[in-house]
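Some structures to go through are shown next.
Shared between the two complexes below is subunit A, which pairs with subunit B and subunit C, respectively.
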Partner chain A sequence: MMNTEHSLSAILPMQIVMITGMLVLLLDSCIPAWRNAKILSPGLSLIGVGIAFLSSLHILNNPPVGKLFGGAITADPFSQACSIILLITAALAILIAMTYLENMDLNHGEYYCLVLFSTSGAMIMASALDLIVLFIAVEILSVALYVLAGFARTKVRSEEAALKYFLLGAFAAGFLLYGIALIYGGSGFIGLNPTTNLAVIGKSLSMISQPPAMMIMGLGLLLVGLGFKAGLVPFHMWTPDVYEGAPTSVTAYMAAAAKIGAFAAILRVLNAFIPISGYWLIVIEVIAVLTMFGGNILALTQDNVKRMLAYSSIAHAGYLLVAVAAACNSGSKQSILQQATAHSSAFGAAAFYLLSYSLTTIGAFGVLIWLSKRGRDIQTLNDLKGLARTDPAAAYTMLIFMLSLGGIPPTMGFMGKWFIFNATMQSGQTWLALLLGVASIISIYYYLHVVWVMCFQEPEEGTHSVRAESANGVQTSIYVAVGSTLLFGILPNLVQPLMDAASSLLRP
Partner chain B sequence: MASSYLPILVMIGVATAVAVAMVVGSFLLGPKKPNEYKSLPYECGIIPVGSARERFPIKFYLIAMLFIVFDIETVFLYPWAVTYSRQHLAMKMFYFSEMSVFVVILFVGYFYILGKGALDWDESERTPNTDVITPEIVAKRPKIRFGNEGSGPVDLSKVPIGPRLPVYGASSQEEFQSYERQNSYVPYTRSEKLLK
Partner chain C sequence: MAITTQHYLILSAILFTIGVIGVLIKRNPIVIFMCIELMLNAVNLSFVALGRHYGQINGQMYVIFALAVAAAEVSVGLGIIVAIFRSRETIDINEVNLMKF
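Coming up: the complex of A and B.
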């Protein structure tokens, strides 16, 4: 107990986010929502996120020593890097929500508190060393997201999205928990007191030759649960329906935050299991290929932009999984040094890609919100016809986001893909790197299709897109996203500290 | 070994005897003044026969949900109290602070539901129970009500002042009354109808 304060100070960013969430909740119950939700609640949330960001930076620069909470939680640079990306995402999501909620008359302060709660859950996912803590973090993230998906309560599509997400998510949580139970049981066979602590398991796995079957089964089930959250291909069925039905601002947040949290967890869990990667690496590689191609091919025929972005988010999960596979490759062909280099560059690439993906996705959804008229969503490609003529600013920002999602220079998306490609080549999985290239080429078709519709088609009569009224929030968010997409695309070195932090996670 | 089960057997016997004695005793000794309500099969105060598509206030659902939240708190307090009593002083302080955090978080939730009016069973304070709607009552109403999201803030200047029409969409007193007849949630009228 002597280091309780030490432990508590190491999880300060999450505490700040949670406490801000509670303050927003209290504020909302004191003042009628329709009066304060315009400025007060989002303002308070942004302040909280900002303070948490600073404290996360502080912890990144002065990492705490020793075990925190008996080793259940860590505040290593990897977790702080993920937290920083998450907090940036949350801030942008709050900004775009300000405009969207105002336009759709959904101005309830609960929105911001739910966003903050789920952000804190995702942050804990990135810092959990114990699988039970990981499970609780997944639930904190998900329960808030289920409610957010159904936030437009009077819209049937939104209700459908919430229910679908909730039922399938509860099912996936069952897999996750069952997997944790089997790993707990399996850890008893490798000379440990049964434990769910990843650090302990990783250390003892590296000392044995033959892992117990129970543990491999457990890891498989764990991957099902986390794969559902990340939207990997055999478990992706919910993604398009939920992304389409949920309010656009929620979709933007969910697409970014849930994926960051899930990939932080996947990276940390699989990192602990690298010593037995011979048993599961091929599974990750196959899922990565399926996810990249499945997402991209299904996205080709979508005429609903939200649905198209949902499939594209699946494809991006596939690219990220390629980075995971590169990080965890410990084939016998390579020297230990080569493996370590590939490992660290893959982790750095994953962090960069997560940042670029979340900035771009939030920006792309932000443009849809920017254009949404009062009470009406912009969802289909038809709504974007001739946008370059009716609203050039929106069209050209969308253009940059599409280029970034497609991985075309000089954007961040290109650099992200380049880093992943590079790490995969370093780890010796050339075929995987080539398939990543092929998948990106497929994806360019549907991203550029949006650009073509915006720039080379006549605007339809009567569907002149009108900017949202009082769009300051979303405008700020879009400009920040565009600026950083271009800036970090041209000067990726600026993100180097973040990548170094992420790649400092060592192999067990 | 088997003898250790004797107290349980005795307890089962006593419990059965008391239950039987109470039912039989009240049957033999109690005054019998039957009326139609009393002779209906008992189902927690609900009319036992009727349409399955019953409308009942959504507040019951809300109360059930809140009950679960605070009930879980009590369940959580029990094991905490048991372990708390076995710790030495320094640990006790730590245990106490942990539980305080939990209770404070719970109180945040409590103040939230209190502020949102989830515990007001009748909304008479916010919508006074009068037959005539006055401009003062209209001014008190929130612009955004739950359930009309997406349709924009209510234009309070257009809310009809005059006789009360509680159902949205009813344009006249007659229309409202016919709506009431079709879909009413008025258990007493219903039960009286049933008994006649």
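Coming up: the complex of A and C.
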């Protein structure tokens, strides 16, 4: 009994988020007065996220000892670092949703409960040590996101986005599950007991020379499944359509949270498979290069801002995958100590980049929401023409987000790319680091194009942006995002505890 | 000829492939969805066969998890399809395609 309580207290942050979600759903559907007071559901959600944040910080400082749930879940510092980034994302997403939903007449409490459910799913993805728990976590995240993508039920594009996301997501889930089955089968050849536990698999893999073919196939299928979720290049087809069609507040949340969850899972899974990295590292490197260049080149031609940000998010997934490749590179040329240093700095870089990417993406979509008129979204670059004159505050915050996405100092995006570049150099993959630099230079063109349209073009006649009557939610969120993008860009040491926590994940 | 674990695994691989091909060539979301279910159930067959082969209960347990998740997916997916049919009177994938490059 003692053991169960111990386990339950270690997953307290996820439980708090989930229970808050259920409470919001119940109160919203049972009490009409609650439903009419539009502020209560997001308020309660924010309180829940805040408590979960504190609880996560507490667990980070006092990590639980021993196995939790028989080793199926872990509460190590890496999982808590990812949870903290996710909870920040969720809080910002709830704030921008308050304004957006009111603008679009979609103000239903279910929205917040779905955001909370998917956040808890992503948090479990970061903590799952057993592959079947990972599968369930992926589904908790995805099923809530399918509904969110179709949240604007009367808009055909939103419905279409939901259908596409759902069909491709379920398709990917099939690959993910088949990969798990094959890894389960393959683990019977190497250990004493067949298992899907990553810690056990990692340990037994480090003791053998030739892994079973079934396990390699399983890992491949698992990566296809996770690659779909993260939007890596051969599996990215859904990203632009879904990001464009889904309500903007959902796109902002989805772009950040799904990516954090997917990369936390990719990092943890591949970390366990490092002993056999000779079989798959080259695949990861190739996908990373394809993703960086594919995303950036496709983004060049877009004139729809949401679509451009979707392609840019693909490119950012590529940069993150470079960090993954750096973390998993165990080249024979290096000493054990060098390998360990490169491993931990790559994990720290990935965590920093995830935080910077989430803050900036949510901020950029937040500016679009800030500008959206009642019942109408900002979609194309034309809508942003001459924004610096009609609405300077929005234009200059957008400018900072674009600089950060493009990786120009003194923003957080620059520091993130610099950390990844450094880690890749340390791990001895110079060519990958150089390609990362080239891809970033390509991306600067289309980010600066947005800035050029905003600052140096005349506003079109009669397109005065009308702000929402109560834009407090989105404004708070944007200012927090801008503030931290600049602050952490200038003083990245402030994020050091988070990076240390993420880099404490050891090689098997 | 005795039926061994290998036979089950091969059958499951064939079923999975049929499911994948179906998803790629069919145009009706409901049929695509049935193919996805076929994929998931093919995996379930693998799990059960492997669990029996190793004499472990884990395989069967994973199937229960997978079934529960698939049921949740069905309910959400059919909901989305019904919502689309209500607003467009068609669910053909070629027509539900406003957004392109």
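The rule is simple: the second predicted complex is superposed on the first by the 500 of 508 C-alpha atoms of A that agree within 3 Å, B and C clash if a C-alpha of one lies under 4 Å from a C-alpha of the other, contacts with A are read in each partner's own complex, and residues count from 1 in each chain.
Everything below uses one rule, namely that a contact is a pair of C-beta atoms (placed from the backbone, for glycine too) under 8 Å apart; a residue touches a chain by one contact, two chains touch by 3 or more.
Just so you know, these numbers come straight off a predicted model, no measurement behind them.
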Original post:
Aligned on subunit A, subunit B and subunit C: do they clash or fit?
Top reply: fit
Subject >> Partner chain in contact with A:177 - subunit B first, subunit C second, else both or neither >> reply: second
Original post:
Just subunit B (first), just subunit C (second), both, or neither: which does A:4 touch?
Top reply: first
Subject >> Partner chain(s) touched by A:153 [first = subunit B, second = subunit C, both, neither] >> reply: both
**OP:** Report for A:107: first if it touches subunit B alone, second if subunit C alone, otherwise both or neither.
**Re:** first
**OP:** Would you mind checking which one, subunit B or subunit C, touches more residues on subunit A?
**Re:** C
**OP:** Identify the partner contact of A:396: answer first if only subunit B is touched, second if only subunit C is, both if each is, neither if none is.
**Re:** neither
Original post:
So, does A:28 touch the first partner subunit B, the second partner subunit C, both, or neither?
Top reply: first
Original post:
For A:194, is the partner it touches subunit B (first), subunit C (second), both, or none of the two (neither)?
Top reply: second
Original post:
Once both structures are overlaid, what angle do subunit B and subunit C make about subunit A, taking C-alpha centres and a multiple of 10 degrees?
Top reply: 40
Original post:
Once superposed, minimum distance in angstrom between C-alpha atoms of subunit B and those of subunit C?
Top reply: 6
Subject >> Intersection of the subunit A residues that touch subunit B with those that touch subunit C >> reply: 153-154
**OP:** Show which residues of subunit A lie in contact with subunit C when the two form their complex.
**Re:** 132, 135-136, 139, 143, 146-147, 150, 153-154, 156-157, 159-163, 166-167, 170-171, 173-174, 177-178, 180-182, 184-185, 188, 193-196, 240-241, 244-245
**OP:** Note which residues of subunit C are touching subunit A in the complex, please.
**Re:** 9, 16, 19-20, 23, 29, 32-33, 36, 39-40, 42-43, 46-47, 50, 53-54, 56, 58-59, 62, 65-66, 69, 72-73, 76-77, 79-81, 83-84, 87-88, 96-99
**OP:** Within their complex, state which residues of subunit B touch subunit A.
**Re:** 90-91, 94, 105, 108-109, 111-116, 142-144, 146-153
**OP:** Note which residues of subunit A are touching subunit B in the complex, please.
**Re:** 1, 4, 22, 25-26, 28-30, 32-34, 104-107, 152-155, 374-375
